[in-house]
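The block underneath contains the structure these notes are about, expressed in structure tokens.
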Amino acid sequence: MSAVLRTRGLGISFGAFRAVDDVNLTLEPGARQALIGPNGAGKTTLINLLTGVFKPTHGTIHMGERELTALSADKRARMGLARTFQINTLFPSLTPLLSVVLAISERDGLGAVWWRPLKRNKAAFDEAHALLGRLKLDALADVPVAELAYGKQRLLEIALAMAARPRILLLDEPAAGVPEDESGELFEAIAELPQDISVLFIEHDMNLVFRFSRRISVLVAGRILTEGSPAEIGRDPRVREVYLGHGAAHV
Amino acid sequence: MSEMLAFDQVVAGYGNAVVLDRLSFALAQGQSLAILGRNGVGKTTLLETLMGNTRVMRGALRWCGEDITRWPAHRRVRAGLGWVPQEREVFPSLTVEENLTVIGRPGPWNLQRVYQFFPRLRERRGNYGNQLSGGEQQMLAIGRALMTNPKLLLLDEPMEGLAPIIVEELARSIRHLCESEGLASIVVEQHPVLALEMTHQAIVLERGTVVHAGPSAALAGDASLLEGLLGVGMTDVQA
Amino acid sequence: MGIVIFDGVAYGMLLFLIGVGLSITMGLMNFVNLAHGTFAMVGGYAASVLMNHFGVGFFPSLAAAFIAAALVGAVLEFSFYRRLYRAHPLDQVLLSIGIVFVSVAVFTYFFGPTMQAFQLPPLLDGRVSLLGLEVGRYRLFLILCGVAVLAALLGVLGKTRYGAMVRAAVDNQRVAGGTGIHVQRLFFLTFSLGCGLAGLGGALSLGMLGLEPSFPLKYLVYFLIVVCVGGAGTITGPFVAALLVGIVDVAGKYYLPEAGAFLIYVVMIIMLLARPNGIIPRKGLA
Amino acid sequence: MKPLALSPARLRGIEVFFWLALASSFFLLPDKLTLMSQIVIFGLFAVSLDMALGYAGILTVGHAAFFGAGAYAAGLLARHGWSEPFSGLLFALLLCVALGYVLSYLVVRGADLTRLMITIGVCMLLAELANRLSSITGGTDGLQGVVIAPVLGLFEFDLYGKTAFAYAYGVVLVVFLGVRLVLRSPFGLTLRGIHDSRKRMLAIGSPVEARLRLAYALSAGVAGIAGALLAQTTQFVGIESIGFNRSAEVLIILVLGGTGRLYGGMIGAIVYMLVHDWFADLNPQYWMFWLGIFLIAAVMLGRGGIMGALSRLVKTGRAS
Amino acid sequence: ADEPLRIGLIATYSGPYADYGRQFDAGVALYLKEHGGKIAGRTVEVIKKDTAGPAPDAAKRIAQELVVRDKVSVLTGLDFSPNAYAVAAIATQAKIPTLVMNAASSAITASSPYVARLSFTVQQVTDPMARWMVKQGVKEAYTVVADYASGTDAETAFKKAFTAQGGKVVGEVRTPMNNPDFSAYVQRIKDARPQAVFFFFPSGVMPPAFLKVWKERGMEEAGIKLYATGEATDDSYLDATGDVALGLVTSHHYSYAHASPKNQKFVKDFAAEFGTKLRPSYFAVTAYDTMAAIDLALAKTKGELSGDKFMDALKGLKFESPRGPIEIDPATRDIVQTVYIRKTERVKGELVNVEFDKFERVKDPAKESQ
């Protein structure tokens, strides 16, 4: 099986500081892969490199056969690379409904259509309602985003990413700030996404990581320390040393 | 023991919207408090109210015997409240070091001690606030609050985004600070077990009002009560 | 050649002296304060009235100009500006334009629409020889003032915690208050400082530009150019930009008079395209 | 205070009433028709600025560049013998869309202050160009000899300004409906999204810069129509129509009315110009004082302009 | 009594040029005061409107409202050329006599048969200066003008007259309006070392700023002579300009120090009415003369106000103004007047323009040549 996403020697320097260094990461079709590592290891930066927020100083990124390294962020998104942000990045003055409709209409390439009323696009509204329903946000569909509680905003982050019907979904701590039972549900929803969607997620909640990932990559100081199945990673003393600590004995 | 902090029938919210509805509780000197509750029940709003960032429509806040309901935020800080906002909100155009020193006040906490507490921050001392990872921002927000040398630390989901090993250390440290230096804290958490371990007392909020108050240990020990209040299956958490 | 550069530097210093206050109120405090020229005008009129009607000397009048403008700034801050720090920048535009309108009318009413008389003190009149150049004394004085103000401000804003506090408060007022900064007082002082500097610049401009009630609108664009090309919120940025603008403008007019009014805008656009956040961007901008 | 609730149907009723009320000034204010036609023209100009500023979030104080370009386009066309008014408008529209698109490459980058200064700079350069090309434009003396043929070949531009008003009103209404359509289209939603979070827009695959360029070009076109209308109805083009002061004035009008609210520009123009006219009549020398006080009072009483204040009183029931 | 005579006065009352409106008002008020508030036996109602500077669309709107709503019989004021051009269309359409009190672009009177001018044109005062300079033995001159329509008019008129008399223009420069610092231009001139410099700037802050640098650079010591038109030493600004203006030779149609009995009375009455702080400038005189012209024209038509009759009466009108004898050219409806050569001196502690030479019955040269 060929990888959907593959990096070779990927790296970026901020001044003299190598935030991400020589990373070779592959994402298989249908992957449910976790990316873990200490704070400041470079996980978010890696996602920013993959999605084109930053331009790498070293290495390449391929999506299937296509090289992405030089493409702009929006172009990558249109090719099916969707993400959520660690720090909420939403449309504060829109409602959740309009936010999702916006994502859908951009996905369908209608963002420049200025000669037809939005309302005419019934399908987008229906789809948006359905998506919000799945994330239990339908009751809040018409509340301005700025007034939503933090946890609900986290959910909307995911809704926006899913609205793009991505081939690859990159989630940066999606469950942070979501209560435990709901974060479980959230991850179940992610796990049940169609198998042709590959998911890479960053998460510091080890319950979720070990429950939902099939493969784990550990990033330390910008480099991949090790990769493997949850069981292998849970046993790895180096990972315990720098990241898991002793409380993770249960894993 | 004398009272440190009290909410007395507080009604508060944003604009015309009421979020806290006749909320009351009291906390004794040197005691730590866990605030639990589902998304959107008003935990953050409670802390924002304590910092004077909401509109208090009725009721009063007392701090060490004084009515602080109308005090401006900076005065509350000087009186001993140290705040870690939920979304961290470090100052993006200040370096890590400036973030820490800009509001420093004399006391046991100084730059060196914060750096000792979070060695990662020392490494990143020259980075600007917006050039930090999420976890580093969280550490910085906590460090910044410590630098004001508070008597009561207000932590709004402080563990969010921190690596497990750091979470463990931090929880231990906060408990230790309370016991050895009398630095109390109010901890808002999504993970009840963690919060209850760190605190003496706990309250559970629902729709802006207190539905349960009692010692943390008792609540932690009563799985079915917790289940009822929070809807959390406690069994699979940190067995 | 030498004299052209000297003239450019002197002209640039004048722009810096008036513009640096704007870099503080608009750049550092993030308040789109289009009424900056009003405060410069207050300083200019204060100095002019003191000299013409009360026979006060030039140098004491400069100090008075600073104080007068700072006081007016303090009053307006207290009554209007402080309510709008968190408002949308466009609301700030509306407020400051309103203040400009009122000030233009008020100064016309009290001082008439025509220009204020100004006589240079004998000490600053005429020319001196400097390194083989016959340079205007007043221009030399402007350069000295510019450098002195630069040094003083760098000392206050750069070296002390004060500057960091202002930046913190601008970044996030709610959290700044929540970490113990007395935001209101901080802004009050800073705003008054910016206005005082404007007033000083306004008084110093008497020797070169004419002072009349339409002053606040007439030169607004120049101040904006200096601040934005230099880097809003910094002190050295506007200094460098003012030098650049001054030299380019004077040299351009000397060597290429046909380019006239075009040059300065073309240079500005090129500079902004090359360095969108200014020559010396404020630190920590995303 | 309880916000007043308004249903979408009611809202539409208010819109219709607004335009009917404006139209009725044809009969109710026969002495003020020239002022009224200039009000609707500046209203349209402010609406065009709103497209760029309120919706696309491009802070510009140089929009008179397009207003003036449109005015000169229509004026020069008429001066050189093509005096049919509608084709003049079309010409101005196309020219300004093209000009706007080209200039958008300079404007649609950088942060707010940068954009502000670049738009000012471009506007100043164009104004200076108009001054330099005085053999074509008439320079500061203005472009004379603009003669416009009767509208539809029937209605002469009369001394009372009846034709001018009817013509300006009709054109403004049609263009306004066009703008309304644009802002309610998927593209309009995209603009709101960009205004809120550029970063997120990129992440959902929106080519933000291209979208902004389109918005800027459309907005330039509308500004050009407004300028052309002014040139045609006054049959004169002053160099002031392209200057910084006009850019600043329309910004004040828009901000007073309220940005990002479709009707902000129209309401702003009506209020600002009527108030201005009134104060200037009362006191030709110190009206600036009263106008200044009015602006200060307006900000102190309600943020977000008149529409902002109104929207806080009225809660619109959204049924979507 | 019958209907008052309504006169619409369109001028600048606010902003940087508010002095124009103030001077107009004073001139008009003084004339009315002297004539008991009446013209041709009718009380006069002056309706003042502000354009706040050059604003042709506002000017046109105002003119239209004055005609349609306020039913004025005469339009006047008009300090800026674009405003006058824009209003000319209304004058034609409504057949309303329109008397220009300042706008100096030559072609204004050609833009409508109902427009006449009582002020001056830029060419009219520039041309005599050029001829006078040659008479004084100036062979080479450098020109400096503000880069706007009147500036280029002045430049062209000067060049034409100067070269026609055998002089040579050795250099020319146009400075932007709103130019804060003249050092580059003055230095350029200094390095070019011409025999003389002629400059034209609109009255206001530009001339003093230029003169300041002129003095600071020691141009006089360098032997370069300076000439200008009277805008440079506008009586409204002369006091504030100060000593840097001393010795400057200018040409203009009016000086407040004009030594005629008519002017002495005018100045005295003016001071009695408005105090000594406001000096009558050429704006006030034109306003005063405009009222006189309306008065005289109506006397000729016996109060008949129709545009055509009024304009006929105006053509060829001749009378004594405080500035000297003036007349309206019947062919062009433009003013014919004496242009004086003056020098700025301190007389009794005051800076004034002292006239010492003159050119009589000067017509607008721009029209002469056509």
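Should a chain be cited, it is by its letter among A, B, C, D and E, assigned in written order, with residues numbered from 1 in that chain.
The rule we apply is simple: contacts are C-beta pairs under 8 Å (C-beta built on N, C-alpha and C of every residue); 3 or more make two chains touch, one makes a residue touch a chain.
Fair warning: this is a prediction, and the values are worked out from it, not measured in the lab.
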- Query: Out of curiosity, which chains are bumping into both chain C and chain D?
  - Reply: E
- Task: Using the touch definition from the top, list the chains contacting both chain D and chain E.
- Result: C
- Message: Can you tell me which chain lies farthest from chain A, using the average of the Cα atoms as each chain's centre?
- Response: E
- Could you give the separation in Å between the centres of chain A and chain B, each centre being the mean of its C-alpha atoms? 28
- chain A and chain D: spacing of chain centres that average the CA atoms, whole Å: 42
- Query: Measuring from the mean C-alpha position of chain A to the mean C-alpha position of chain C, what distance in angstrom results?
  - Reply: 48
- For chain D, residue numbers touching 2 or more other chains are 128, 285-288
- Where chain B touches two or more other chains at once, the residues are none
- Which chain C residues sit where two or more other chains touch them? 104-105, 108, 260-261, 285
- Task: Go through the chains and record each pair that touches.
- Result: A-B, A-D, B-C, C-D, C-E, D-E
- chain E partner contacts - residues on chain C that touch it in the complex: 3-4, 7, 10-11, 14, 104-105, 108, 112-119, 125-127, 134, 136, 138-139, 207-210, 212-214, 218-219, 222, 249-254, 257, 260-261
- Any idea which chain B residues touch chain A in the complex? 14, 17, 38-40, 44, 86-88, 120, 124, 131-136, 138-139, 157, 160-169, 190-191, 230-233, 236-239
- Residue positions on chain A within touch of chain B in the complex are 14, 37-45, 86-88, 147-152, 172-173, 176-182, 204, 206-207, 242-248, 250
- Contacts from chain C onto chain D in the complex sit at residues 80, 83-84, 87-91, 93-95, 97-106, 108-109, 217, 221, 224-225, 228-229, 232, 260-262, 265-266, 268-269, 272-273, 276-277, 285
- Within the complex, chain C is touched by chain D residues 53, 59, 106, 109-114, 116-118, 120-122, 124-125, 128, 244-245, 248, 251-252, 255-256, 259, 285-289, 291-296, 298-300, 303-305
